[in-house]
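Two complexes are shown next, each including chain A; its partner changes from chain B in the first to chain C in the second.
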Partner chain A sequence: MNDPRSASTLALFKDAALHVRNSALDDWKAAGKKVIGHVCSHVPEEIVTAAGMMPFRLRGIEISSTAVGDTYFGPFVCSCPKAILQSAGEGKLDFLDGAVMVQACDSMRRLDECWRKASVEDGARMPHFFHYFGVPHKVTDYSVQWFAEEIERFAKALSAHFSVEITDDAIRRAVALHNETRALLVRLEALRFRDDPPLSGSQSMSIILAGTAMPKEVYNPLLSALLDDLEASPGIGHNGKKRIVLAGSVLDDLALIEAIEHEGALVSADTVCFGARAYQGEVDSSENPYKTLARHYLNEQFCPRMFGYTQARFDLILKKFEDSGADGIVFQNIRFCDLHGSENGLFEKRLEKGGIPAMRVEREYGALADEGRVRMRIGAFLETIRKS
Partner chain B sequence: MRKELTEYGYVTAIHSLLSMAPKVAAGTRKEYEKLLSRMPHFRDLIDSMLGLGDPGVLFLQGFAHYAEMVMDAHKNGKKLAFTTFCQSPVIFHAMDVVPVVLEVMTVAGTLIRKSAIGEFMDVCIEAGFSETSCSSQRGSLGAFIAGLADKPDFVCINTPGICDTNANSFAFSAAHFGIPFYQLNYPPTLTDERSRAYHRDDFKNMIAFLEKETGNRLDVDKLRSLMLEMRRQDEMICEIQDLQRLIPNPVPGIYNLFIYALRFTLGGLPECTELLTAMLKKAKENAKAGLSGLTGGVEKKRCLFVYIDHYAANLPLFNFLDKHGITHLGGILDRFYQDEAFYSHGQGYRLETADLDQMIDSLAMQNSRLPMVKQIRGPYDSPEMWLEEVTRLAKELSADFTIYSGTPGCRNTWGMVKLLASDLEKSGYPTHIIASDAFDDRVESWEATAHRLAEFFELRNIVPPVAV
Partner chain C sequence: MITAGCDIGSLTSKAVVMKGNRLLGISIVRSRTRPAETAEKVLAEALAAAGIERSELSRCVGTGYGRENIPFVDEVHSEIVCHGKGARWLVPTANTVIDIGGQDCKAMRLDKDGNVVKFLANDKCAAGTGRFLEVMAKVLGVDVSELGRFSEHAKKPVVLASTCTVWAQADVIQYINSGETLDDIGAGINNAMAGRVATLANAVRIEREICMTGGVAKNTGVVRALEKLVGTRIVIPRKADPQLAGAIGAALLAQG
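Let's look at the complex of A and B:
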C-alpha cells in the first residue's frame, strides 16, 4: 500500500469485523441516529437507509457462553441464532433501535419468538421496533408482487413507528448508495482474483464484514480510497499459493479463513453468507422501487433457502472458481444447517467427479473452537491439491 | 448396507408384508400364533391391528394397495412424484400421478424391519445428504437412492416457508436424481387476502407444472369426483374427531394414525372411504356402549400429542398408552381444518366443486391448512398458529396432559418447543418433550423413551407406570 491512510482504514475495518461495536457505529449513535438490526441477506437494507437509519446485520460475536440461547432454543438448532440471542441477553445489542426478524430458515425464524420470550423472562432487551418479515422461497411474478408488498409493509411499519417519511425518492437515493457499495465490493473482488493480490483473504473478508456494521455513508468513501490505493499496489507474495474458494453457510468470523491461510493457501473468492452475497448484482431503479427491490432480493438465490435453484448456485461457485483461478473449494456449514449441509455434500461429490478438489467442513458458529481439527483437515486437503 | 436389505425392493417388501398380514388370522388360533412367532419385528402390531377387526384389516389392505400403486406406477403408465405428507393427494390422483409420500414410506419401513431404516438413512448420507436432516424423509429416500424402488419422475412439494428442512430433502432429491422440482410456497400468515391470493396463484402454477410433466390435461370431472369423495371422507373424519371429545373417548388411539396415513396417500380414493366408514361405525358403537377405545375399556387419562407420534418397529407407542389406560387424542397430523371440524373456528376450508375455479380455490385453501402447513408457517404464538391450536385442542378435547414427539432434524419445532411446553404448563397441562427420533431408534431406543415417559407419568402424578 502506498497511501498511509490505508493502514488505518484497514485497521478500522478489521475492528468492525471483530467487534459488535465500532467507532463509526458509535459516532452514528452519538449523533442521535437510529440503527436497525436484521438477520438475513434477503432484507432490503435500502428501506432502512431511506428512513435515515443505519442497517446493521446481526451477529452473535463476542459472547461469553450460549446460556441464554440454550435456554430458549432446543439443542438441535444452528448456533448462529442462539449466539445472536445470547448477544442480546448479554446486553451487547442494546444499542439497536429496531430489529427485523426473517423466516430466513427454520432456525433463524425462531429467533423471533425466542428473543421475545427472553425479553420477558431473561432480561434480554428487545428493541421497541420488532418486525417480522416474510421472504418467498421462489421467484415468480406473484412471489415478486407479494414480496414487493411485504417490503412496502416493512417501510410503512418503520415509518409509522419512528414517525419518519420514506419517499420513493429517498428509496432511490438509498438504492444508489447501496449500489455504490456493491460496485466497490466488486472492485475488491477483482483485486482478490489477481495472481498476487495486494491483500489476504482474511483482510478481504474483514472489509466486507465491516460493510455490514458501518453506515454506508461512512464506509463507501473509506473503501473507495482504500481500493484506489490497493489497485495501484503490488501483490504481497501470494504467487504460487494454492487458491481456495470458500463456499457455504453463514461465515462472519475470520478464524476459518485465517486457519486456511495459515496452512499456506489463499482464500481468493467466496460465496458465503456475509461474504459475496452482500454485493452480487445491482438494484435497478427504473420502476416502482418496491418492485425493483423485490426483484433484486429474490433473484439473488445464493442461499439454499431458495429451493429449486441448486444448479444456479453450483454454476456460481464454478464461476468464482474459474474467475479467481482457484485450485480447490472448501465448503463449510454450521452444524444443523441442513440446507447448506446437503447442498455442500451434493456439490462436493459433483466437483470430485469433475476432478476439482473439494472438501466439506461442519463447524459451530463463532470463533473457531475446534481450530486444531479444522487446521489438520484443511492441511491434509491442501496436500491433496496438485498446483498446476 | 446388509445384503438382506437389498434382496427385495423396498416398496415390494412393504407391499408383500402388508398384503399378506390380514390373511394371518384366517387359520386356527394355533396357526395364527405360530405365524406371529415368525414375524418378530411386526408381531405386536399385526396382533393389535387384527384385534381391531375390520378397521385394522382395512388399513392393512388399504396401505398395501397404496404400496402396489407406487410399485406398479410406471407399469400402469402413471408418473411417480416425490411429495410430502402435508400435501393433499387429490390433485395427483386426478392427474394420474402416484404420490410417493416419503415420510409415510419411511414409517412403513420402520414398521416392517427393525433397524433397517437406519441403514437406508445412511445411504442418503453417503450420497451427500446432511446427517442432521429430518429422518422422516431420509429413510425411504435412502431406499430410492439405493435403487430399491423406481426412480421418481419429478418432485412436487409444499413445505418451503413451512419446514425448510423438509423442503430441502426434496430439493436434494430433485438434484440427486436430476428430475424437475416444483414447490408450493407459503407466506407466514394463514387467512389474510394476500396469502389467499398467493395460494391460488401458486396452486394454478402447480397444475401447469403437473400438466407439463405428465403430458395430461387436468380432467375436471375426475378431479370433481375425487374431491366429492374426499368431502365424504372429511365429513367422516370430523365425526370421528367429534367423538374423541366424549369422556371416555370411544376412538381407539391408533385410529389417529389410520386417518392420517391413508389420508396422506389415498385421500379421495375409495379405500380411504371404506376404512373411515368402518372406523366411524366402531367408534359409534363404543360411544353408544359408553366404552373407551382402549382395549381395557377404562380411560384413566387423556393425552394430546402436540406434534407427531413415535414410529419405532412394531409401533409400541400405541400399546404403551393403551396399557396405561391413556387415550390418544390425536396430534397435529390428523387435524385438517375442514369447515365442519369442531376445532376450525372459522379458519377451515370446504371443498367446492361447482366449477374449476372453485375447485382450485378450495384445494388451495385445503392445502394451506394441512398438518404443519397451518401451524408453523409463522411465529408459534401468532394468531391461528401452533400455540393457539394446541391450547384450544387441549381444552376442547379435555386433555389431561400433552406430549411432544418429533425428530432432532426438526429445526422448526426444536427452535421453539421449549417455549410451547412452557406455555402449555402455564395453562395447566403437564407437558413432556420426547427427545428421541420418531423415525430412527438409533438416536434413542424405544425402551429408553418408554422409560422416560413412565417416569413422567409417575413424577407428574398422571398414572402409575405399568410394565409393558
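Let's look at the complex of A and C:
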C-alpha cells in the first residue's frame, strides 16, 4: 500500500470487525443519532438509513459466557442467536435504540421471544423499538407484494415510534448509498480474485464485516480511498497458494479464516452470510421503492431459508470458485443448523462427483473454540488438494 | 536415506526411524503436558532402538496434535495424510483406513498411490474415540487393553442407549449395579464403539480392503463388531504396531 491512510483505515475496519463497539459507531451515538440492530441479511437496511438512523447487524461477539443464552434457548440449537441474546444479557447491546427480529430460521425466530422473556427475568435490556419483521420463504408475485407491504409496515412503525418522516425520496437516496457500498465491495472482491491479491482473505472479511457495524456515510468514503490504494498496489506473496472458497452459514469469525490461511492457503472468495451475501446484486430505484426493495431482498440473498433456490445457490458457489481461480471449497455451518447442514452435505457430494475438492466443517458460533480440531481437518483437506 | 516420523498424539506419542522401506526402530510413550519434551523423549528412544545417532537422520517429519510444537522436525503434515501413507505401507491392499486415536476417530479413502481422497473425522465429542474406551475401562476397573477380550466370552452383550461418553458411563454403572457380567458389559461397550465408527466409515464410502490403525485396532472386540456392521473383513496390520501408522507415514513423507 502506498497511501499512509490505508493502514489506519484497515486498523479501524479490523477493530469494527472484532469488537461490538467501534469509534465510528460511538461518534454516531455521541452526535445523538439512533442505531437500529437487526439479525438477518433479508432486512432492507435502506429503510433504517432513510429514517436518518444507522443499521447495525447484530453479532454475539465478546461475550464472557453462554449462561443467559443457554437458559432461554436450551442446548440443541444454533449458537448464533444464543450468543446475541447473551450479548444483550451482558449489556453489550444497551446502545441500541431499536432491534428488528426476523424469522430468518427457526433458531433466529426464537430470539424474538427469548429476548422478550430474558428482558423480564434476566435484565437483558430490550430496546424500546422492538419490531418483528416477516420475510417470506418463497419468491412469487404475491409474496413479493406481501413483502413490499411488510417493508412499508416496518417503515411506518419506525416512523411512528421515532417521529421521523420516511419519504420515497429518502428511501431512493438510501438505496443509492447502499448500492454504492455494494459496488465498492464488488471492487474488493475483484481484488481478491487476483492471482496475488494485495490483502489476505482475513483482511477482506474484516473490511466486509466493518460495513455491518459502521454508518455507510463514514464507511463508503474510507473504503473507496482504501480500494483506490489497494488497486494500485502489488500482491503480498499469495502466488502459488491453494485458494479456497468459503461457503455456508453465518460467519463473522476472522479466526476461522485465519486458521485456513495459517495452514498456507488463501481464502479467495466466499458466499457466507456476513460476507459476499451482503453485496449481491443492486437495488433498482426506478419504481415503487418498497416493491424494488422487496424484489431485491427476496431474490439476491442466497440463503437456504429460501425455497426453490438450491440450484441458484450451487451455481453461485461454482461461479465464485471459477472466478477466483480456487482449488477447493470449505463448507462450514454452525452446529444444529438444519438448513445449511443439509445443503452443505448435498453440495459437497455434487462437487466431489464433479472432481472439485470440498469439505464440510461444523463449528460453534463465535471465536474459534475448537481450533485444534478445525485446523487438523483444514490442514488435511489442503494436503489432499492437488494444486492445478 | 534414514528418516524419522514423529507422531505427537493426545494420549500417546509415537516415533519411528526408517531406512527406505525398512523399520529400524520404534517407540511409543505416554504424551506429557509439553509436546516438545514428549517429542524429544520418543525420538531419542526410537533412535536408541535403531542404534542410530540423531546426526545420521537425513530428515524428520512431525504429525499429530502436537506437531507444531516439535522443535526438530523439517516439516509437518496432518495426521490424516500421514495415517493414509502409513496404513498403505502397513497393508498394501488397503483402500479404506479407519483410525481410532485417543481423542479422535477418522475414516479415510485412499487412491492407488496411498493419497487420501476423502476423509471424515468425529467432530462432536469423545464418542467413538479411544478416550471413550478409557473412561469405560476405568468404570469397569480394568485396563483398557483388556476390554477386547470381554467380547469373546460375552453371552448377551448389554446395549448402551447413548454413545455420549457421559451417559454411557451412567449406563455402565447401572449395569454393574444390576449384576450384569463384566463380559456382557465389556462387549456392549465394544459394540457401542463399533456402531459409532461404522457410521463414519460408511460415510466415506468404503472400498475394500479396510485397514484399521490406531490403538483401538488392538481391541479385537471392537474390530469384530465393526466387521459385522460394515459387512466385510477388516485387516489389522501385522508388519508393525497399528498405533505407529501416523509416525510411519511421516517417516515415509520425509523420504520425499
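Operating definition for what follows: the second predicted complex is superposed on the first by the 387 of 388 C-alpha atoms of A that agree within 3 Å, B and C clash if a C-alpha of one lies under 4 Å from a C-alpha of the other, contacts with A are read in each partner's own complex, and residues count from 1 in each chain.
Everything below uses one rule, namely that contacts are C-beta pairs under 8 Å (C-beta built on N, C-alpha and C of every residue); 3 or more make two chains touch, one makes a residue touch a chain.
Computed from a predicted model, the values in this text were never measured in an experiment.
Of the two partner chains, neither chain B nor chain C is touched by A:L316. Judged by the touch definition given at the top, the superposed model places A:G372 against chain C, while chain B stays out of reach.
Using the contact criterion defined above for the overlaid structures, shared-chain residue A:A225 touches neither chain B nor chain C, since it reaches no partner.
By the touch criterion stated above, A:M126 is placed in contact with neither chain B nor chain C. Applying the stated contact rule after C-alpha superposition, one finds that A:E343 touches chain B and leaves chain C untouched. With both structures placed on the common chain, the touch criterion links A:R305 to chain B but leaves chain C unconnected.
Touching more residues of chain A than its counterpart among chain B and chain C is B. Looking at the shared chain after the overlay, A:A380 reaches chain C, while chain B stays out of its contact range. Overlap of the chain B and chain C interfaces on chain A comprises residues 335.
Those residues of chain A that touch chain B in the complex are listed here as 71-78, 81, 103, 105-107, 109-110, 112-114, 117, 132, 134, 136-138, 140, 142-143, 146, 149, 304-305, 307-308, 310-311, 335-339, 341-349. Chain A meets chain C in the complex at residues 335, 352, 361-362, 372-373, 376-377, 379-381, 383-384. Residues 125, 127-134, 160-161, 163-165, 167-172, 174-176, 181-183, 185, 187-189, 194, 197-198, 201-202, 205, 378-381, 408-419, 435 of chain B are the ones that touch chain A when the two sit in their complex.
Of all residues in chain C, those touching chain A in their complex are 65, 77-81, 104, 115-119, 121, 123-124.
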